[in-house]
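As written, the chains take the letters A, B, C, D, E and F, and residue 1 is the first residue of each chain.
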Amino acid sequence: MKPVAVRHIKRADPQVVDAFADVGVATAHEANDRHGLMKPYLRPVYSGCRVSGSAVTILTQPGDNWMLHVAIELCQPGDILVVGCTADNTDGMFGDLLATSAMARGVRALITDTGVRDVADLQEMNFPVWSKRISAKGTVKETLGSVNIPVVCGGEIVNPGDVIVADDDGVACIPRKSAADVLNAARAREANEGAKREKLASGVLGLDMYQMRERLAESGLVYVDSPEDLDA
Amino acid sequence: MKPVAVRHIKRADPQVVDAFADVGVATAHEANDRHGLMKPYLRPVYSGCRVSGSAVTILTQPGDNWMLHVAIELCQPGDILVVGCTADNTDGMFGDLLATSAMARGVRALITDTGVRDVADLQEMNFPVWSKRISAKGTVKETLGSVNIPVVCGGEIVNPGDVIVADDDGVACIPRKSAADVLNAARAREANEGAKREKLASGVLGLDMYQMRERLAESGLVYVDSPEDLDA
Amino acid sequence: MKPVAVRHIKRADPQVVDAFADVGVATAHEANDRHGLMKPYLRPVYSGCRVSGSAVTILTQPGDNWMLHVAIELCQPGDILVVGCTADNTDGMFGDLLATSAMARGVRALITDTGVRDVADLQEMNFPVWSKRISAKGTVKETLGSVNIPVVCGGEIVNPGDVIVADDDGVACIPRKSAADVLNAARAREANEGAKREKLASGVLGLDMYQMRERLAESGLVYVDSPEDLDA
Amino acid sequence: MKPVAVRHIKRADPQVVDAFADVGVATAHEANDRHGLMKPYLRPVYSGCRVSGSAVTILTQPGDNWMLHVAIELCQPGDILVVGCTADNTDGMFGDLLATSAMARGVRALITDTGVRDVADLQEMNFPVWSKRISAKGTVKETLGSVNIPVVCGGEIVNPGDVIVADDDGVACIPRKSAADVLNAARAREANEGAKREKLASGVLGLDMYQMRERLAESGLVYVDSPEDLDA
Amino acid sequence: MKPVAVRHIKRADPQVVDAFADVGVATAHEANDRHGLMKPYLRPVYSGCRVSGSAVTILTQPGDNWMLHVAIELCQPGDILVVGCTADNTDGMFGDLLATSAMARGVRALITDTGVRDVADLQEMNFPVWSKRISAKGTVKETLGSVNIPVVCGGEIVNPGDVIVADDDGVACIPRKSAADVLNAARAREANEGAKREKLASGVLGLDMYQMRERLAESGLVYVDSPEDLDA
Amino acid sequence: MKPVAVRHIKRADPQVVDAFADVGVATAHEANDRHGLMKPYLRPVYSGCRVSGSAVTILTQPGDNWMLHVAIELCQPGDILVVGCTADNTDGMFGDLLATSAMARGVRALITDTGVRDVADLQEMNFPVWSKRISAKGTVKETLGSVNIPVVCGGEIVNPGDVIVADDDGVACIPRKSAADVLNAARAREANEGAKREKLASGVLGLDMYQMRERLAESGLVYVDSPEDLDA
């Protein structure tokens, strides 16, 4: 594949994109039939953020952050930078200067399958980042990658324009085309949860609320009274 | 082994169980002859908690949290859920709904050799969790495991009714039968530490306080004045 | 190699050593031609610290913290303890008692390629620690190591007397002899950054500020208008 | 727990123990209701071995192989040494001398949650070993562990006298008491496999042989003719 | 995303597909502009194989190999099964029975981001497999995935019909559409290598053959005569 | 540190260097007071090699093998290339072409803290390699490193001219200055082992041969007759 930067990508309806921030990652990926969740090694650099946006994707070479500069020009307000790398790499590809530039373009967050640095500054600037590692290691600008092609980040395929949702539980990627449907499914799930929570808080057991007892017995679960009964 | 749930288990004397929270993990496992410490990959989901309780043990299948519902019914106030898994798994087996249910039963904490989710909610609810990973990944309810059999969590054997102690340093498991003795040994260690701390703070060296100089010399430690002496 | 403790080591000019705390890890290691950065698995036990000091180096055996006591006697105010280990080990070699003793000697921080414990106490005591892991596991005092010889910590060679810089981004080691030069280079970099940050904040792109467009084109980056153009 | 060595343990019927070598690990653990399989990081030091035997269990300290000498005296012909460790450790706790001694006692193999060394010699001696790592690192004899207590090896609980089965696929532990039943179940599985293999070799699909088509449809699997249909 | 199986996919020209086996992985991915190489944790189950084929892709759930049966029906002679998983999983999803079935359909190899088992049988059957892990762990058939959709395997996106090349160096994925061009580029590289190898064998240095000396000097490489000159 | 290549380094007496191949890694590092052993993640690319030589050290940048060409010119017959890297990297920095060139200079082996490729060719060429990983990933020649400065490889400091010993158990580094003494100590150890091996083979226990019984009792090891006695 030749290095390429795609200028214009399709994004989902902004209202849909924004609404995902309220939904959160756990519900969003469940509503997406349990697909699209990035691997849990991606962690927030500082906790307490919840964000959604449209993916501008970047494929970088290990130790090289050149393509991040190319990508920022192609961002619109509401975008989230999503960085994949052609090999395992933990270098600090992004820091306070790139964050300054990204914020000036209206970029909402960075998700990167590499390292980041200047994390104290990033927190002070209120720029949310999910990364594989924190590392002060600087990078060069020598080898090309691409912008706005499908990339792998956190073990998931991200297409440019997909909806990214990120919070303290991790990062999910929702396909652009199905974003509205997934949002509806997510809201349906949520509507359901308040009632469940109340019941459980009042002491109703999940066994009863979800009517599990019969299926457990059918599956072969045996209850015994005490550990001594195990050897009998 | 057939799937089984044991209803009634023996627990240690509640006063002994509760007292371990004051002792902390480092002292508890030292007093237990340096045994029972879970591996350090188990980390608190949020820091600042210190808790002790009686283990209700759960063996789950990867990606399946069915047995957690079975276990909660068998809990008493003061219990701590301890989850082992039949294969490496980081899925988010426990979240705000299960925490709500567990708290309604008086459960004090969760220790899990898997992932957890809804971590922002867990912190808000003040429900302490130590886990291998944070992951939004949902789980199914398809395959049976067991409750209140011996399990491996964090590389340690946990028997139902063992005393669990957890704080920012990690998680320790103290055998039920020796819990009272270990508590006494732990308190003796602690009584000793205040005096040591004062001495060290005043500038007395460990070398002198622990009378190490002679043993170091016997073991063959050589002092030289400067790096240049190393090549002489 | 026989176990040895070197009493007197050369340190860099104290003003140079202290000034590195203002510079921070990212800039310090860049100014050192991108050398000397420890691997990113070394993380602060609690965040928000930034410190510099002179390395007193310790080579320990796995599970054995004997040499830490030997090292503390050889410390001066302004020193930082740097611990390497002869095998991978995560045991909690350092806790509140050793921290008390180290602080009494004016030691500023600990960097260790092992585990630490009593982390809640360490934070309360304001003693900064960067470690590979947090672990309550206690250690013995049975096998000798060495003090103030070259060690490997976080994948980097640390010579006694080298300047250590540590903050939320990680830990860097600057050779004693070149510390003053590196400090000057670091300050030059910093002087430069304020202007850059302002420009980027105003919306100037890195592509233009760093004049990257021509080099990108020469390297072969192709811009296309939309994803459909990729298959053409 | 105090250090202890248990002289006499119960073992399963020798004919049952020996028969497991023919069954292999995959079938053995399936017949054991998919329990007892050690984690896949345990690998044979050289391939092509298949062995079964009675577990003599050893709990060691990291970097210390003292207890292996204690254990060998307590072995009988047909035993397999199973080593757990109180902390993660990869040191080479076992080499050609210990293998010589173990073979003189009729020990059949070693399973260790640590490292081993002299691997070229072990292969030449035909002494099978499954370990976490290969490492030349020597060990000391300074700190006690225990022999013939329950240990964790490869993430599984091993009780002394349990049946160990090991081949190129890994290592399984079958509880002593249920060994005969599990063996029968394993043989039943095997009897079944020959016919299946023939059918599949002749081109019959698993979909048909296991009658999966209906259940797949019920579960919601949709067939489409071409990728273009996905976006329709 | 709903579970789906795509019956008919486009494949590259069979002559192109087959020719890649002669080229090997290192040259193939270099000719593909250094893209498409799967991560090196994917290793051959036994060494000495070199194979190419068309990807039939499978997305599985952890611990569940149901979709492999669905995929085998959709294979043609010359295909290679490529398995991605929705979460990290090392279970043995594939063994001698599935290999028998796959070989009956003309499938050439399996590449899987999970575990495999029956590895001694696989070698005897001459069915090549590259996997993340070897594990005897059995799997269930409970949860749907998909067949012939884009998947991530070894950190790379694989589209159904892409060309897979695998040998002892690893696994590469070449996009279907550019396969012929990449093959030509690969052959050009190879034609070049014989002459280089002869020159280097005769003692010509890479420094001279590649004319590196000038560029090294320009980049700032300094030669000194001895280590003593470093401190001067 | 500025990029530098040191032309002339001191090597140990060639007879001493060569003799280490007979000694092997386990004995060599024991004779070196258990120091100098590289971490066990360094594995031979193919097994059955045992080699010793003088270290020519190389510090590379991740993904860049430029310095290997610089180093080969500075090698003498009997040298071993030892590669450290400024960041974690698994790229295939070395393959059949570089091996051809290295063999033409009389280089005996490569030890690298990165990946290698063309492993089938390397085996056919009989060029031994110990590496962190096998990877087909190609590398660029863009950023300078250094040759013949102290590097870290496998977690150990290697100075140019140090003696490298490598076999199936791993890789050890013996300081040049003490090589002759360590060789003598290693031979003394070996002389001792033949007699021990015979005794152990005849059934003498290590407990008796090493007179451990008394020390075990002093240390507190308690023997009990059966598991039932543990609960008494």
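Assume a residue touches a chain if its C-beta (ideal position, glycine included) is under 8 Å from a C-beta of that chain, and two chains touch if they have at least 3 such contacts.
Being a predicted model, the structure only gives us computed values, none of them experimental.
J.: Show which chains lie in contact with chain E and also with chain F.
T.: A, D
J.: Call it same or different for chain A and chain F: same when shared residue numbers make up over half of all numbers used at their interface.
T.: Same residues, largely: of all residue numbers at this interface, over half are found in both copies.
J.: Tell me which chain's centre, taken as the mean of its C-alpha atoms, is farthest from chain A.
T.: Using the mean of the C-alpha atoms as each chain's centre, the farthest one from chain A is F.
J.: Averaging only over C-alpha atoms, locate the centres of chain C and chain E and give their separation in whole Å.
T.: 38
J.: Taking each chain's centre as the mean of its CA atoms, how far is chain D from chain F in angstrom?
T.: 30
J.: Any chance you could list the residues of chain E touching two or more other chains?
T.: If we look for residues of chain E contacting two or more partner chains, we find 2-3, 34, 37, 87-88, 90, 137, 143.
J.: Among all the chains shown, which pairs meet the touch rule set out at the top?
T.: In this structure, the chains touch in these pairs: A-B, A-C, A-E, A-F, B-C, B-D, B-E, C-D, C-F, D-E, D-F, E-F.
J.: Could you please specify the touching residues of chain E with respect to chain F in the complex?
T.: Those in contact with chain F are residues 25-26, 29-30, 34, 37, 40, 43, 47-48, 50, 167-170, 172, 193, 196-197, 200-203, 205-207, 210, 212, 216, 219-227, 229-230.
J.: Of all residues in chain F, which touch chain A in the complex?
T.: Touching chain A from chain F are residues 61-63, 87-91, 137, 140, 142-143.
J.: Within the complex, which stretch of chain B touches chain D?
T.: Of all residues in chain B, those touching chain D are 1-3, 32-37, 39, 86-88, 150, 152, 155-157, 175, 178.
J.: Enumerate the contact residues on chain B facing chain A in the complex.
T.: 2-9, 66, 68-70, 72-73, 90, 92, 95-98, 100-101, 103-105, 115, 117-120, 133-138, 141, 143-144, 148-149, 160
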